[in-house]
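Read from first to last, the chains carry the letters A, B, C and D; within each, the first residue is number 1.
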Amino acid sequence: MAGNSFGDAFKVTTFGESHGPALGVIVDGCPAGIPIDEAIIQRDLDRRRPGAHPADSDGTERSGRLNPAMTSRKEADACEILSGVFEGKTTGTALAILIRNTNQRSEDYGDIVRKFRPGHADFGYFSKYGIRDYRGGGRSSGRETAARVAAGAIAKAFLSTLGTSVRAWTVEAAGIACETCDESVIESNQLRACDPVAAEKMLKRIIELKGAGDSAGGIVTCRARGVPAGLGEPVFDKLDGLLAGAILSIGAVKGIEFGSGFASARMTGSQWNDPMRRGSDGKPSFESNHAGGILGGISNGAEIAFNVAIKPVASISLPQRTIDLDGNEVDIEVRGRHDVCLCPRIVPVVEAMTALVLADAVIRQRGARQ
Amino acid sequence: MAGNSFGDAFKVTTFGESHGPALGVIVDGCPAGIPIDEAIIQRDLDRRRPGAHPADSDGTERSGRLNPAMTSRKEADACEILSGVFEGKTTGTALAILIRNTNQRSEDYGDIVRKFRPGHADFGYFSKYGIRDYRGGGRSSGRETAARVAAGAIAKAFLSTLGTSVRAWTVEAAGIACETCDESVIESNQLRACDPVAAEKMLKRIIELKGAGDSAGGIVTCRARGVPAGLGEPVFDKLDGLLAGAILSIGAVKGIEFGSGFASARMTGSQWNDPMRRGSDGKPSFESNHAGGILGGISNGAEIAFNVAIKPVASISLPQRTIDLDGNEVDIEVRGRHDVCLCPRIVPVVEAMTALVLADAVIRQRGARQ
Amino acid sequence: MAGNSFGDAFKVTTFGESHGPALGVIVDGCPAGIPIDEAIIQRDLDRRRPGAHPADSDGTERSGRLNPAMTSRKEADACEILSGVFEGKTTGTALAILIRNTNQRSEDYGDIVRKFRPGHADFGYFSKYGIRDYRGGGRSSGRETAARVAAGAIAKAFLSTLGTSVRAWTVEAAGIACETCDESVIESNQLRACDPVAAEKMLKRIIELKGAGDSAGGIVTCRARGVPAGLGEPVFDKLDGLLAGAILSIGAVKGIEFGSGFASARMTGSQWNDPMRRGSDGKPSFESNHAGGILGGISNGAEIAFNVAIKPVASISLPQRTIDLDGNEVDIEVRGRHDVCLCPRIVPVVEAMTALVLADAVIRQRGARQ
Amino acid sequence: MAGNSFGDAFKVTTFGESHGPALGVIVDGCPAGIPIDEAIIQRDLDRRRPGAHPADSDGTERSGRLNPAMTSRKEADACEILSGVFEGKTTGTALAILIRNTNQRSEDYGDIVRKFRPGHADFGYFSKYGIRDYRGGGRSSGRETAARVAAGAIAKAFLSTLGTSVRAWTVEAAGIACETCDESVIESNQLRACDPVAAEKMLKRIIELKGAGDSAGGIVTCRARGVPAGLGEPVFDKLDGLLAGAILSIGAVKGIEFGSGFASARMTGSQWNDPMRRGSDGKPSFESNHAGGILGGISNGAEIAFNVAIKPVASISLPQRTIDLDGNEVDIEVRGRHDVCLCPRIVPVVEAMTALVLADAVIRQRGARQ
């Protein structure tokens, strides 16, 4: 009811504030027998880690080069498996992962304590609870997503045993769109973009915005491959509904579209409907994928494809108009080390949430037939 | 787990196939003491009813004029309250609503029985269950949404006691966008559009497409007003996440965006962040609403605003390429009385799902504080 | 949250008041492909039907002989399947069953309207909701269990495809205990007792109590056979925990014990522990069954066995002390046609709840391993 | 679905094996503003701690005297709050508590690795998962209840702000029943019994059984006071149903009875029904409490009272007959430091589960009325 859990059969429950002792997650419902170790989790955590150059995120070495799109905070984000794994395999019982916070400085939060930051959840939290952990946003901090990424790594490991993979990347940032798509370059540029030339332009623009005390948004796309037909439930738990709910539960996301998405509105049925054919392997296939791999809420075996709109980072150092706890109109300048554009760091979070939805759908599907 | 329920504290469970004896819904968790009668439910059911001219949907008289955007099927969609209401008020116990199907003709389903209709859930259902109720799409029929609309009417009645209202309308259909917005005209034109001039053009285009055996998509927008700040849960059950999940669970929806949505990707933080001021009534207010009324997943008291992408109707009479149950490549012509553009009929469904999310969030919020 | 649903993967949601138009249930999560028709459901509904002689409950003919243990109300309790079954098999979608109320007389409820009946939920409901459907107890009526029995018939049909069966019977009523156990006589005596001689004594005692305006309690036992080892979840959803929750959710039940139950308190570990052996079929077996087929919350393959304590019927015609809505101390005489001892009618309800728990556990178990 | 969560609105999710790095719990849905610190949690953890003399469990000093009813293992069971508390109060967000395991010796598990211990969940786990963490029972260890006790301390703190308290104690152990009831002596004898004379006899008998390599069972009773009328949900989530499910989810419990419980079976309605009167404070009261404070599943404002049957400890050093992984018939001797009788240590677990059910019911009740 208070919403710190996600999923039905493959269920995760997270905890942790930005400036508390630790974050973590309990994964409940991962089948027994899946090979898991901390390195698998750490690899994705490192991709989300602030200050990391994407090229460094292989988990083995770190260049120390700073990524200007990201905050300069350094967090080890080292994970520890506390339960649910025995002799290198899941046991079927609750799998808990702990990530200690190591880099909270004892800050002067003065301005933030009594003023609501524009673009942030501050006012909503205060309205909701009548109390607010103002340190770094508390539970509303993007840091919360570290626990999702850890859980997502378990889901990915489970899915990989079934031949299913999930991959996301940046297609637009700071107003600059990718014009080519080469998936092999994604993890080697600082924006996790599929077009290295565009990535350079994005970076240049982000450095300018950073200098101006401002920030940028972007668009991330995601693909799930090897998804069997038949996942998703017919009515309220349609697969696209679950994915939309999952992706919109990431703080900075403001929109999602599947397949042809908003462009579908201008198409006719004869243009939109994806004709079915017998594939070269004898299995059903589709001549196009306007549906994005999901029809009537059920996967159809085609690639699942969706785009995600990311708003510009809320924390900017330019002065902004706001009010304080007493309702006085005041100005605020949000200081600190913040990301300028979330795209590269949100990529593993989008992947994680997608993997969690798919892992859940796979297990739920086991109940569909006698 | 099988997804016929929606909501956590204000929960609905639906049943019913297009060509079975009846559809219906159980509303579980509506507080006791809310005034409810069948007329309240019937009003919204009539707005969703096929073949209805929007101007006729006041529930008192029906012109008999046909709406060319809609199917010519006639369904009474008369509702019966079976439980949970005593002496005109909810009792707090399960509230059940029954809607008998009255217009299923004994059809020859021949072509549909063995061929998968492009753009439909047929192949997915068959992959999932190994069995399929092919009559009118069975559970995947849009007719399923009648039960949602009935439940939504209960949610709206509950919300209205709190001063909260929900309204949706068409802003684009068949490639034609509204250029003005006058909410007073919505229920008096056949597209439920906010621009009567655009509505005439949409209608003309839809008649052309119908003649050509084709169909159209569109965009619906939704506003929730009088929503208190503080609704929604911080992590996985963010209010926008719940709304996205709810709206994408409507069959024909392919995308959703909140506030500035996908345009946010091209904005900077200083452009996007909505400054806070003290309103003329002394209460916090916002100078703009790029957030669409939700920040960090929590309502901020501003109007909740989102757009919904509707794909073109899948059932078209033009011949299409597909496969049959044995994997043979075949052609299919989908006959029958179908909608050409779903926008006007999907409007009450969008409202219903939005009302269900908000009613649920209101009750969940009661647990937030001591 | 409001508790009209039961189960996780095989989930039922019920509705209906004693004196409203109908009761019913939605079964969500029954796998596709299970043979179901209304006769299967009607058979168990007839066993629960008031006024039925157990011997008449085969659903084909009814003797008209009245059972003195039961109310003389006659209710047809005819069920109608509204969805989820196509061509004689479940489709995997929501399966709804409707049972119309046919025998609500327009009564004078005078005394009950303003006085709280001792032994009933009246005061609790009023405290909870501030409003109360006093007609026949409304939602708190034992009539609510008809919907459970209908759902249980679906669960039994599913379980029977796996070789699992559930059977309950009376072992004590009105202070008289069975001294022999012959399961073949259960459905042929009016108490559904396993000892026909004791059943005659029970009946005699019940007739005496009825004449005195009083009522009786009893003990029902239940066995589930053919339950595979491995059902149940390790921590909070232990199989015995789920069964206990299910059985105690039946209005008149005041206790449950598994295997040796309360007698376990006086045993030593060496007496209690059931030794394991290799059975004649080569499979693991147990030399005794003090555990009642469940250890650490997981089924061990032995017969599941538990006893259920049934309190005496609350509605008695003897005058009782109570208070009214204004807090005045008053006397009340509860008139009407009531059961004297619930045992025979509660037997199918206990079976139904047990079958629902097991069906749920079977599907949940499908997620336990890769 | 995998059952590591409990509760609906006030929900806990636990993790941790006996011999893994740590146990813990996430409490989700505790209202904001409740004063909490680690000392509150530690107090109850110390009551459950193995080897503790009850008199030592005030958390301030420990006598070092060993309790012969309990294992001689020493575990610090020190808790750490990881999130959800800020400046001494709950924030409304997920509250996580960590308890490190400190006393797992690197044991030779030889016999247990391949043999199923009688009276334990070993065979069930193996049947369920095909894999088993045999170290100390893994997830099936009674050590799992430490996380429940930690969560229960939060629930108790919440309930105490509403004037509701929960207390449990031993009424029978090793075949010896209490003959007097003085609640003031409970925490000062080693059995947590309400009769100090009986407690001495129990202890003597337990020492004898220990010497013989055997173990004992018992009965624990529980009272909840200051529970408002109106808690519990009418149908499947009756308050007694939820309590029964909660209590039977504790490993060693084999039965539960409310109020007059199994004795109800032999009473008549006129004996059983609790007459209502106007209390001296003008509020409704009951002349007796055969119902145990719950009627029709809803609390009636009287004291909630139930008894719990505890089976003898399964781990005994006497040789037992069992089978091994290959199905061979073998003997097993379970060595190690084990409790002889669980009663004193299960008392805080019963309290914790009861508090969790009540805290949940309190928040759910907030949705019952407009």
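By definition in this document, a contact is a pair of C-beta atoms (placed from the backbone, for glycine too) under 8 Å apart; a residue touches a chain by one contact, two chains touch by 3 or more.
Keep in mind the model is a prediction, meaning the values are calculated, not measured.
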Note, CA centroid farthest from subunit C's centroid sits on chain A
Ranking A-B and A-C by C-beta pairs in contact puts on top A-B
For subunit A and subunit B, let me know how many angstrom lie between their CA-based centres, rounded off. 27
Expressed in whole Å, how far the mean CA point of subunit B lies from that of subunit C is 39
What's the distance between the Cα centroids of subunit A and subunit C, rounded to whole Å? 47
Hey, what residues on subunit A touch two or more of the other chains? 1-5, 8-9, 14, 29, 32-33, 92-94, 128-130, 139, 234-235, 363, 367-369
Could you list, by residue number, the parts of subunit C that touch subunit B in their complex? 1-5, 8-9, 11, 13-17, 20-24, 26, 28-29, 32-33, 80-84, 86, 89, 91-96, 98, 128-133, 135, 138-139, 363
Considering the complex alone, what residue numbers of subunit A touch subunit B? 1-6, 8-9, 14, 116, 118-121, 123-125, 127-130, 139-140, 144, 172-173, 175, 209, 213-219, 228-238, 240-249, 251, 253-262, 264-278, 282-284, 287, 290-292, 294-301, 307, 309-316, 318, 320-323, 327-329, 364-365, 367-369
Under the stated contact criterion, what part of subunit A meets subunit C in this complex? 1, 9-10, 29, 31-34, 92-94, 158, 161, 234-235, 363, 366-370
